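Two complexes, one shared chain (chain A), two partners (chain B, chain C).
Coming up: the complex of A and B.
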């Protein structure tokens, strides 16, 4: 039961924040390329899902799972994208991501007049609060299964 | 609890089989007077709503028919350009039917190849060692299940999110593929599947899966 990593993208595709807790395998490409690939994959998945969907959707793409991990996705109305990779035991992390957005991101980053928008997040307070929040999650355990 | 469609993709990413079991058609027909309060635009040989929402007509819906006559791409049934037709106040009041645009077979081919690549990227970006590609993709309206065989063929099923037994259904479709497509001496590998027995057996196994909600040993 664990959380592997978390990405936050803005509406233009630049990665504002990335943090990892239990990642066992790196992607084999540089971090910048990985962020671009991740954003590109999510953009394509959203476009794919809107075309394939048999009916009109409200929330759109929620998550996907492979044999080893699950990717959870949450997008705000302002185009901010929260992406979290966990192991397979976590079925729904939408509330967690929504909490990260409304209680951590909005309070500590948006309301902070000194944080520039569209640039990678430098806020130490956000980093530590997020880290303690993730570690306090019921499905997080430091030694992954 | 319903299964929407089945796609089979070969190892190069090309679509070799597609079957739509159930496609819900939400269409709205309304009479409009000049001026039209929805903003329409051309997109991909269709006319779609780009701004404006009323009475079940949403952004992204396409113009399906005007005054009862089905449209042909960007033109009305008579061959006139739709946007020009709707700019002329003399043509009002007009009755237009809007709805989700049907996917053309070209679009389905492109979407299947798109998924083939996304499947591979899902495996590359994995934070864990030895991950497969995307096996299940969830949205609020449908769930997409994918089973990749050892030979690289992908069986993709789009179903209702609450439908269970899809894993067993995917294995069953693989069985049907090997029995009625691969063992057919006139079928060439990686080519589009045109085998009647494959179609028939696929349809009946979809019916069984939908009715049972639980096929064989369960999901």
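Coming up: the complex of A and C.
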């Protein structure tokens, strides 16, 4: 059980925040390229999912999994995108991502007038609070992975 | 419509008079700083816009409301949830245009203008114009371009206070430039 990493994208596709906890294999490209690749994939999945769906959807794309990890996706109505990779034992991280949005991001970033919107975050407070929140999750324990 | 929010911290409520008086002080200062009412209206709208683009995040996080399917639903959420949450009032939604792209919010009592009487030399001042900016900014962040203006204002002698909202277009989400 573990959390690998977390991305936050704004509505324009720039990566506001990235952090990793237990990531054994790096992508082998620059972080900037990785963010673009990730956002491009999310963008395509969203449009794919909405076109292929046989019914009208409420939430749309939620997650995907491979043999080794699961990617959890949460998008707010304002277009902020929260992406978290965990191992396969974490079946649903929606509440976690929602909590990060409403209790950490909104309180520490949006309500701080000194943090400019739509720019990469360098709020130390947000970083440390997020880190301790992730570490306190019941499914965070890199040793067991 | 408004599901139980999962936040527990925000139980503190502020005295609304403090808000009203602070707003009054802001408008007073703007009237001193700028020559004419038009400019004051513009500044209020601009400030409101900057508030709105941030306030929408607070609103979405607190109300857990998702994307609205149409403009009617948007109107309902604005009147019944948002105005209630931030100003403690529920304006009525009326005067729909036949195409469903325009409506009015009727404010029985405008909390921003509780203690206000406009002097004669400020007849073109739109006292609560901040609200227009807030609505415009917040809706822009959920991909809706909307025109917002006061069409009636009880401060200026009308019977009611009416905010007219006109849907302009849906803002499409684009892939960022430089993406292949």
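Definition applied: the second predicted complex is superposed on the first by the 143 of 145 C-alpha atoms of A that agree within 3 Å, B and C clash if a C-alpha of one lies under 4 Å from a C-alpha of the other, contacts with A are read in each partner's own complex, and residues count from 1 in each chain.
Assume a residue touches a chain if its C-beta (ideal position, glycine included) is under 8 Å from a C-beta of that chain, and two chains touch if they have at least 3 such contacts.
Just so we're clear, the structure is a prediction, and the values are computed from it rather than from any experiment.
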item: Touched partner set for A:85, first chain B, second chain C, both or neither; value: first
item: Greater chain A contact set [chain C / chain B]; value: B
item: Chain B versus chain C as contact partner of A:117, first or second or both or neither; value: second
item: Which of chain B and chain C A:58 touches, first, second, both or neither; value: both
item: Which of chain B and chain C A:77 touches, first, second, both or neither; value: second
item: Chain B versus chain C as contact partner of A:98, first or second or both or neither; value: second
item: Which of chain B and chain C A:14 touches, first, second, both or neither; value: second
item: Which superposed partner A:136 touches (first chain B, second chain C, both, neither); value: neither
item: On chain A, positions contacted by chain B and by chain C; value: 58-59
item: Residues of chain A touching chain B in the complex; value: 4-5, 20, 22-25, 27-28, 34, 37-38, 41, 44-45, 48-69, 71, 85, 87
item: For the chain A and chain C complex, residues of the former touching the latter; value: 11-14, 36, 39-40, 43, 58-59, 76-80, 95, 98-99, 101-103, 105-107, 110-111, 113, 117
item: Footprint of chain A on chain C - complex, ascending; value: 5-7, 9, 53-54, 56-58, 60-62, 64-68, 141-143, 173, 175-176, 178-180
item: Residues on chain B engaged by chain A in the complex (per definition of touch); value: 4-5, 22-24, 26, 58, 60, 100, 103, 107, 111, 114-115, 117-118, 121-142, 144, 158
